[in-house]
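The following pair of complexes shares a single chain, chain A, combined with chain B in the former and chain C in the latter.
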Partner chain A sequence: MEAKQYIGEGWKHAILIVGAIVVLLPFYMMVSMSLKSQQEIQSISGGLIGAQETQTFPVCVKTGYSEEECTMKPYKYNYWFAFEKAPIPRYLMNGVIVTLSIFIIQVLVALPCAYALAKLRFYGREFVFSMVLFCLLIPVHGIALPLYVMLAQAGLVDTYSALILPWTISVFGIFLMRQFFMTVPDELIDAARMDGMGEYAIVWKVMLPTAIPALLAFAIFSVVAHWNDYFWPRMVITGNRDLFTPPLGIREFRGGIDSDEFGPMMASIVTVTVPLIVAFIIAQKRFIEGITLTGMK
Partner chain B sequence: MGTISLKNISKSFGSTQVLNNLNVDIQDGEFLTLVGPSGCGKSTLLRIIAGLEQQTSGDVLIDNKNVNKIRASERDLAMVFQSYALYPHLTVRRNLETPLRLRDYNAFERLPLIGNFSPNKKSKTESINQLVNKTSETLQISELLDRKPGQLSGGQRQRVALGRAMVREPVAFLMDEPLSNLDAALRVHMRSELSELHNSLKTTFVYVTHDQAEALTMSSRMAVMIDGNLLQLDTPQEVYDNPSSLSVAQFVGSPKINIFNGSSDSSGTVNFLNVNLKRKSSESNSDLHIGIRPEHLEITNNKDENTFSGTVAYRENLGSDIYFHVNIEDNSKKIIVRGLPQFTHQITNGSSVNIKRDSNKALLFNQTGMRIHFNNAMG
Partner chain C sequence: MHNSKAHLWFIAPAIILMIIILIFPLFLAGGISFTDYNLGNKTFEWIGLENYDKMFNRKTYVKMIWATATYVIVVVPISVILGLCAAMLLNSLRFGADIYKTIFFLPVMATLLAMAIAWEFTLHPTLGIVNNFLANGCGGAREFIFGFHWLPWVDSEQSWYAVACANNMDFPYWLKQKNTAIWTVCFIGIWQAFGFNMVLYLAGLTGIPRELYQAAEMDGAKSTWEQFKLVTWPMLGPTTLFVVTITTIRTFQVFDTIEILTKGGPSKTTYVMMYAIFEKAIQQNLTSIGAAITVVFIGFILILTFFQRYIIEKRVHY
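This part shows the complex of A and B:
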């Protein structure tokens, strides 16, 4: 390779590296702050992990623990206190229950819808599909208040149902799966009909297995969106801390009489973020397949 | 038994008429080919027989039973598709099992895990396994049973698709251009295999193709369809020798039949180019189309009143035969003449040649394309 080409490649990489730094810096700060002591955070010193000097933490003592219990290294304290102060496992479990329920019901609704819109001929199909597209344009926040009022009237505020029900019909999911089903050859469906499958059996036994890449892509969109959602749980979960989802849980560390303590707060954020990152790394390859919609060969 | 009767079948999509009042009787054990150019409605007709499409009017009878209202899966027919349509996520074995599982297991037995507690499931599973093994041995796909369709070649997928149709032992097989995704050599090979399979199964085959060669080689009878109409239904030889109309004559046979414009005089003598036919047309004083197949024309050195001359535009060498595309005066279209290599090797593009025709081979058609017969078989 000639020197010129190296320079050309070098430029590309330099730009990409700058971009990567911009994206990754907040994560670096998050991890770093979850390991350091309050003084180091406030004076912006100590590099990645700080000095890790054993010390006694005043907020901890104020909360009612003995001085001995509150004396330890900062990284340990941050994570220990995060779990002590807020029931983080409970929040994580709520997150899992809510996101999984939403996703499963979304699939149960979206797949038959998408199949009908892609493969069945019926009067008004184009109209229904255009309504689906239209619904994609409506922002959630626009209908949040009416939704809240309806849930309140039904007595569902402060329940899991309030967190799950409004999201069970995913217009995006219907659209994505419909586009994927369009690429499945009609002959495959005819073959299944000749073999004796009914329309529902075709959806679950033929269409679903061929649509796994698209479904995984949708799973990631759906799970990430609802795991990270702060707006909706904040609206419908008004008092019951047992129903807090992880983003609501993080809020526990903000403000209050103890003033802001960033270490435990960042530790809880790391705890909440890690499951998503792990899931993404596992599903990464499939995710990219699904986005590009390679379909069947 | 496996007779299929189609009575006055018509089909239209919106205002487009696709099938026009078709009547076909398919006999038990017959290999019937529906052949025609693409878009003639042959696949639609097959789908109507299968029950995947509903006819606009008319009746479908299978074994003399009206099946208009019966669903595709309950007609006991099996279909082989052009794209094979194997389930991509299942192994070959599961692909073959699927129609049997759906037919033999009841709803409870199909449930995962708890379905296994049904007392009858074990014996049913055994009989399914036996059928799958028998079929895969017949088709020589036993070693492929654990693979997925994506790992198979085109020919192997074709066999698996056939197998999936065969395991159910249906009353009839419906095939929708099953060979057209294969390469030329494999296609010719599969033709003979399909014929052998038909001979050993003795089941009714209804076979759709746009390839007249497939129809001629395999079928016991062929139905020529053009523009939604059934033009002729007869044995391949009869369709080739005695086409009922100009379109059939032009569709069947490769290379295409040569068509000359000519006319008959008051006595019925047919004249075209500078040649008079000895046989008399039954229609006198009219303009006619005269069709002569390439193999009934011959290149000759002698020039007399029965030959006509032209210039070779293109020499098409197929090894066993050579076809000459010849420009004739007064005829805008090129005509095609078959020659044997040993007699015609010195003829090249641009050569002037004399063409002689075999007697008694010309076919007459009137201006609307209908066949006209000669008055007598003489001359």
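This part shows the complex of A and C:
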């Protein structure tokens, strides 16, 4: 029995390891290419990190740098040249600005509304709630075209507003927070009212602190979705490099298989992708919780 | 309770934004789809159903529906089943489950666009490790396995692998060939989605009480398969319904991989709806036809979700 169980366990690991290899394949390719020299990439040699021989890089010399500046190890060159070629910090900063603005506005709009729906009695509450439930069905990407037409008419294409505005309302956030507030005991709110707190103070000083765990999960959900979103920025940002979010930056780096050098290109892609992956690996449990939040619908 | 008008201030911003950002665009798309309006035009005319007529009769749009349907029909079941299998395997492991979970979830987290480019290189005929791996395996065990020579009806001289080996390592250019592009894109879709489903199933599995398995065993369901049929699968009903719906909605919206890898080609075999909306309305400025596609797209999604809610109310009660 014992031995049989071990064999079973062994088989399971064998299957899972094959799966893991397939899953990790593109990650391996990405990291490996960002470290190796062009010759090694083209001849598919050098394993993961390549030989790392110090050499002079012709593309760099052609771009106008001195030969001395262009002589270094491949991994260093790839990352250095990636930052020389494109304003990567700017793209990352845009990503931070956009995702944070979206999240903050979403909370400012959703939290009071969720509180009103959960804890205040007023005429039309059921109607507002069914409106929220209906809006949950509408995928924002699906209505991107009419939104684009509206933004174009307002002259907002190619602005930060275009990147942020359509996402300011998160019906999912309202729904989630409302469900959460339903579980908060009424006594807590009554006590706050007895202390002479107004409704505004109750939302931000009593309800907000109780909602921190749910908010954190929602934050991860929202930030990951918008950091990775490519479709919407691609629609509304047509050429202004200053407004590029990380995925638009990635698209720019790519330049196609026929571009002259793959190393720096992959280095830029790795740089843009890594922050989120590192954050995920550090706070895995929270991330999985946050991203599968939709599972609570 | 309270007599302030605070609730008005609390709900007003949300209501206004819902109307402007979510509800009005539905009507706007519907309206534009009956006109010949293009962005930038001063005037437009009502042309009735002409845009829809084009959509269901012109070759391009018929191909669009086909490509979208193929993608959804392939990616949804496979990524759901893979997610379930992975979850059950991990659930039965004695050690190491967490590592696999992290690895399988990575694609869900990582920027899809970046990963699409990474796949493009991985599958590239001359630079990629996949074709290199295949080419190095000619005449060996790899050819036997991936050429399906182990299937009784496959002739080992005529399998796709053997033919490619014989023709100077002519392995497919996965993303650029008419007969492989859509399947390759589907594969990337599955690769990206199954980890998400796995996590939802893992959560579903922890909700099944252990006693049910003991009871099933007493009733004579001894084998793993019987227990799965009797306990696991029915208990996972609500999870499955949810996983299928959310995966379908996400799959319908595929865009990133198509835009960066195939641009809808070759010969429109990967021309999915979201990409069609983008190409027609934004790149070619044919706003009205884009609006018609939008309406059909939203229609699909709404039908799907209503269907899901209907089943939830009818059937999935345990």
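Note that in this section the second predicted complex is superposed on the first by the 246 of 297 C-alpha atoms of A that agree within 3 Å, B and C clash if a C-alpha of one lies under 4 Å from a C-alpha of the other, contacts with A are read in each partner's own complex, and residues count from 1 in each chain.
Here, contacts are C-beta pairs under 8 Å (C-beta built on N, C-alpha and C of every residue); 3 or more make two chains touch, one makes a residue touch a chain.
Here the structure is a predicted model, which means the values were calculated and not measured.
Tell me which partner A:272 touches in the superposition: chain B (first), chain C (second), both or neither.
A:272: touches chain C, not chain B.
Between chain B (first) and chain C (second), which, if any, makes contact with A:193: first, second, both or neither?
Both: A:193 reaches chain B and chain C.
Check whether A:7 is in contact with chain B, with chain C, with both or with neither, and answer first, second, both or neither.
In the superposition, A:7 contacts neither chain B nor chain C.
Looking at the overlay, does A:206 come into contact with chain B only (first), chain C only (second), both, or neither?
First partner only, chain B.
Scan A:25 for contacts with chain B and chain C and give back first, second, both or neither.
second
Looking only at chain A, is it chain B or chain C that touches more of its residues?
Chain A has more residues touched by C than by the other partner.
Just checking: does A:185 make contact with chain B only, chain C only, both, or neither of them? Give me first, second, both or neither.
Only chain B is touched by A:185; chain C is not.
Contact-wise, after the overlay, does A:143 reach chain B, chain C, both or neither (first, second, both, neither)?
second
State which residues of chain A lie in both footprints, the one left by chain B and the one left by chain C.
In chain A, positions 193, 297 sit in both the chain B and chain C interfaces.
Which residues of chain B touch chain A in the complex?
Contact set of chain B toward chain A: 47, 50, 52, 71-74, 77-79, 81-83, 85-90, 98-99, 102-103, 150, 164.
What residues of chain C sit close enough to touch chain A in their complex?
1-2, 4, 6-7, 9-11, 13-15, 17-18, 21-26, 28-29, 32, 39, 86, 89-90, 92-94, 96, 100-115, 117-122, 124, 126-130, 132, 191, 195-196, 199-200, 203, 242, 246, 249, 253, 255-256, 259-260, 274, 277-278, 281-282, 287, 290-291, 294, 297-298, 301-302, 305-306
Show me the residue ranges of chain A that touch chain B in the complex, using the header's touch definition.
185, 187-188, 190-197, 206, 209-210, 212, 296-297
Name, in rising order, each residue of chain A that touches chain C in their complex.
Against chain C, the touching part of chain A is residues 9, 12-13, 15-16, 19-20, 22-27, 29-30, 33, 41-42, 44, 108-110, 112-113, 115-117, 120-122, 128, 131-132, 135, 137-150, 152, 165-166, 168-169, 171, 174, 193, 198-200, 203, 224, 227-228, 230-231, 234-235, 246-247, 250-251, 254, 257, 262, 266, 269, 272-273, 276-277, 280-281, 284, 287-288, 291-292, 294-295, 297.
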